[in-house]
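The same chain A turns up in both complexes below, where it pairs with chain B and then with chain C.
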Partner chain A sequence: MSDFISARGIKRGLSYLVVGGWALFSVFFVVWVVLASLKKNRELFGSPLSIPTSPQWGNFVKTWVNNRFGDYFLNSLLVTSVSVVAILIVAVPAAYVLSRGRFRGREALSSFFAFGMGVPFPLLFVPLFVMMASMRLADTLTGLTIVYVALSIPFTIYVLEGFFSSLPSELESAAVIDGCSDVQVFRHVMLPLAMPGVATVAILNFVGLWNEYQLSLVLINSPENRTLSLGIYSLITSMQYSGGDWASLFAGVTIVMVPTLILFVILSEKMISGITMGGVK
Partner chain B sequence: MATVEIRNLRKSFGAATILQGADLRMEEGEFVVLVGPSGCGKSTLLRCIAGLEPITSGNLVIDGEDMTTADPVKRGIAMVFQSYALYPHMTVGENIGFGLKIANTPKAEIKARVAEVAKLLKLDSMLDRKPKALSGGQRQRVAIGRALARKPRIFLFDEPLSNLDASLRAEMRVELAKLHGSLGNTMVYVTHDQVEAMTLADRMVVMSAGKIEQVGAPLDLFNNPANRFVAGFLGQPPMNFIKVTGASATAAGVALGLPGGGTVEVGLTAPLAGKAEGLELGVRPEDMSIAPEGRLGLEVEVVEQLGGETLVYGLLADGQLITAKLAGQAGIAAGDRLGLDFSEERLHVFDAGGANLRYRTPVPHGKAKAVS
Partner chain C sequence: MLSNTSRQAIVAAVFSLGLAGATGAATAAELVFWSMWNEPEPQAAALRQVMDAYTAAHPDTTFKVVWNGRQNQTKLRAALQAGTPVDFMDQDADQLAGGLQKEGLGHDLSADFDQATRDAFLPGTLELFNTEGKITQVPYVYNTVNFWYNKDMLAEVGGTVPATFDDLLALCGTVKAAGKSALVIEGNVAFYNVLYFSHYLARESGAGALVKVFEDKSGDGWKSPAVLAAAKATRGLWDQGCIAEDARGFQYPAGQQTIALGDTMGELVGSWLPTELTESAGADFPWGAFNFPAVKDGAGQSTDIEVGLLSMMVLKDSKNAQEAADFVKYVGSEEAQKILVEASGVGVTRKGVAWPAALADAYTSAEQATALSAFGGGLGVAYPEFTSTILNPEYNNMFLGQTTPEQFVETMAAKTKEYWAAQ
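Presenting the complex of A and B:
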């Protein structure tokens, strides 16, 4: 018995060590980037691990205004928010129907969406660009949003299908007996119960699209349409000529991180409950 | 109140036939209990009546109107589920009033009806609570309240008490019986618990493997089972089926040879001709009594003293295992040899196909139809 307990203890200790080490590693670099963004360039290289003596808030102003991060931020916010809303509008009802509907070809359709997750994005760069260009949507935020929505739907449906399947079917039957139509069952009963799952996919999609780089690089050309990830890249490129304003770069990275961090702080509990709920299935 | 008529109802899921042609008529205000072992199709039959499962063939008629393909809401039914199926994101009040809200009932009317139902079920102090803050019994009352609120013609119950502990189950059973008495609605109740079935039912429908085996008042079914399945299913401990050593027709009926050399002569209601092989004698454990010169000799293996009664498990002369239920605290121990006897009137005789050869045709009411 004591052997069993000690083996369990070692296993648990090891898990804490790995997870704790990983968390420490991530937090260290996030904190370091934030601190670095508040330093002067000379201070950054002179004492990289120190706390900034006089915080240089001007780095943020410079990045926001001079490097056009304000515009990029708004572009990213617009594209990501509209995409996430559109993804949910399409994927939530679709996932519900695919998990609960009784119709011929349901499984084939589910598999088709799952297959969509397996397609590597780089394979799609050229065809997507050609399609967008032919529709005059290349180099537009609308075009980028449409591509984001289309490519995020398979994953979102896959995750939400699991959520809907884990909800007890008797609740649906009870709602039908209470006089609900199919749409009313979804709206009044199943959707509210799937909210943890919906929140989870909303956050995962928001974070994924907020940080997305490759597709926006292929589809966006004009500086005024750049998203934040392209903005960071253009900042790095411009540093080759300006001599390296690293503090501004870190201010830019901090600006990119902030919305994601805020989202995690507010919704992490809901998301974790959502992930475990889906895991039960 | 409403009548429900099921005519040759069949239900299949793909190639699997779950209901093999059920015929049943439920009268106005009747409490009908569908009972049978797990997988016999009783819940499927209930869901077909509710409209939750499409009927493969046959008809469902409610109050003379064909409802075979009607939407659940048009059938005038309400249903209480085994898992309560309360909406977890709604309060007790919202759960009870949900059906009325969907039917676009004015808010004031919903509020009044919810208050009325809550008072009836003693839920008025917890209308603002969510289901997770309620005990099992309270949740069950909310589920019943939700069914009551819509004033349905027919109530359907799908094993509503099976998630409750034994004492709460007994309490709720009484509550349900009272509710039926006060409302007078037609109620259809599914259970595999024969105590619930026997105590609640006006009529019981015993089902097995997708077929209705027998329909009748609980005591009629207990005393006059149509076949071996019904006889074995009702009663706890179940009926003993003793393989006889021989059978010969007599003027009164049949003389049966018992293990150990005894004989018993009983009258039959069905002809014996061609059925003498493989006969079994059905004796309920409680119909046995100790008699030193009894016709059955028993070698006692296990004795269970239950206080008010004693269960004796033992072997007959040819090794058949039987159970006797004796009144009081009998002074018997494992290894004892007992003589047991029984009264001939309480005996049943089953042929090799399971039919009861002493079955008396009951007053026609609901009719069972076995479809092969």
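Presenting the complex of A and C:
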């Protein structure tokens, strides 16, 4: 018994060590980036691990105004928010029907969506650009949003299907017996139960699209339509030939991280419960 | 009910408007320019000034600019496939040569550049990327590759600018004795580190030697004694204490920052270094530059230099090709080149236009150049894939001590043979 307990203790200790180490590693780099964003370039490279002697808030102003991160931030917020809402509007009912409905071709349709997750994005660059250009949607935030929605649907449906499948069918039957129509069952019974799952895919999609770079690089040209990830990249590349203002770059990285961190702080509990729930069938 | 006079007036007005519109369509041009600069960069502001000056002199020509940043050529390719109209663009000259120019998408500008115009360019710049004598790209910003160093530190340690490779090794000892390092590198930037090899080989065997070695399809070009000597000599910079041991682990930009911090004297790199380090080193940093020194009994001269030019290209399918060509020609004029120097602090391609003070030595290097090669010996222009996936990493491994010079030679010979066999 004591052998068993000590073995369990060692296992638990190891788990804490790994998870704690990982957490420390992540927190260290986040804190380092924030501190770096408040230094002068000379201080940043001269004493990289120190606390800023006189915080340079001007780095944020420079990045926000001169490097147009204010515009990029709004673009990213707009594209990401609209995309996530649109993805949920399309994917939640679709996933519900695919998981609970009984009709011919359901499995094939599910597999078709799952297949969509396996298509590498780079293969789509040229056809997507040509399609968007022919619809006059290239270099527009609307076009980028449409592409984001279309390419995120397979993953979202795949995850939500698992969710809806894990919900007890008795609740559905009870609602039908009480006189609910199919839409009412979905709207008043199943959707509220699936909210942790919906929150999970919302966060995952938000984070994924917020940081998305490749598609926006191909589809967006005008500086006024750039998203934050393109803004960061243009800051990095302009280090060559134009001078390395690394502190401003870290200010930009901090700006990019903030919404994701806020979202995690607000919704992390729902997300964790969602992931756990979806995993237990 | 309109009177006859009113009718006539309306007809006359409509006719005049139509005529004006037709005339305007025939002469006015809005040139679409896709640029490698980002809008907040000083180079973009300088180009904007150049365009404004041009429009002031040619009111019928206006510009619509897309400031794409460094991925310009990549973005342009996709846009051209979708039929987006673009008149002219700019990019690193070697990337253009291996990209849009190689694909035949550049407009031939040869007829627009008479002998006097061609002679106004600094030696070799306009011709470096010509194909079959045709001018399809026009360089307008000039970066030289030199050892960029702290002049005050050189004076403090009592050193002098080295004329030969042996002098360089001696200088390393002098700087080391003063408790500093003569040179620094970025361990993760292989295409910077390969500059040591390409320069040494060019000093030994003459400009363009690296391309000749590679174009021996048997792979035996690599087995010439000059290649092994270049590999050994450049690797020897570590043994001689020229480069600080900890530089092996430097990730860009950690290496170059040690120059700004006063720990290292210099680095073999492009003339963009003073600009890149302005924030850390300060605008009054005592920059100097000298060419890669001569090698004993070598066929190459120390005035043969590697360059990183930035060029403009008029696109073949441009509907305003002539207007765009006229503007690109204007960018090479004294007036436009002076604007570029003053507003963005770059070196330019026109003879007689002084470069910024920090780049004064680079201007001398450009003015006295006896032969030009593209960055890294020019191999990356014609064979970009081989250069980036084989030569650069293999050399870097050897340079940083993970393989021996002999292994490097053997690997390159085998990979070159493999490459040509697969063509």
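The rule is simple: the second predicted complex is superposed on the first by the 281 of 281 C-alpha atoms of A that agree within 3 Å, B and C clash if a C-alpha of one lies under 4 Å from a C-alpha of the other, contacts with A are read in each partner's own complex, and residues count from 1 in each chain.
Note that in this section a residue touches a chain if its C-beta (ideal position, glycine included) is under 8 Å from a C-beta of that chain, and two chains touch if they have at least 3 such contacts.
Owing to the predicted nature of the structure, the values given are computational and were not obtained by experimental measurement.
Legend: residue contacts after superposition of the two complexes on their common chain; A:E170 is shown touching chain B, with no touch to chain C.
Of the two partner chains placed around the shared chain by superposition, neither chain B nor chain C is touched by A:M135. When the shared chain is aligned, chain C comes close enough to touch A:Y233, but chain B does not. Shared-chain residue A:I10: touches no atom of chain B or chain C. Of the two partners chain B and chain C, it is C that touches the larger number of chain A residues. Applying the stated contact rule after C-alpha superposition, one finds that A:I266 touches neither chain B nor chain C. By the document's definition of touching, of the two partners only chain C reaches A:N66; chain B does not. Of the two partner chains placed by the overlay, only chain C lies in contact with A:R42; chain B stays clear of it. By the touch rule above, chain B contacts chain A in their complex via residues 47, 50-52, 72-73, 77-79, 81-83, 85-89, 98-99, 102-103, 146, 150. Contact residues on chain A toward chain B in their complex (touch as defined above): 168, 170-171, 173-180, 184, 188-189, 192-193. Those residues of chain C whose C-beta lies close enough to touch chain A in the complex are 34, 37-43, 66-71, 74-75, 78-79, 81-84, 143, 253-254, 257, 260-261, 272, 275-280, 310, 346. Listed in rising order, the residues of chain A touching chain C in the complex are 41-42, 45-46, 66-68, 125-126, 129-130, 132-134, 138, 217-218, 221-223, 233-234, 237-246.
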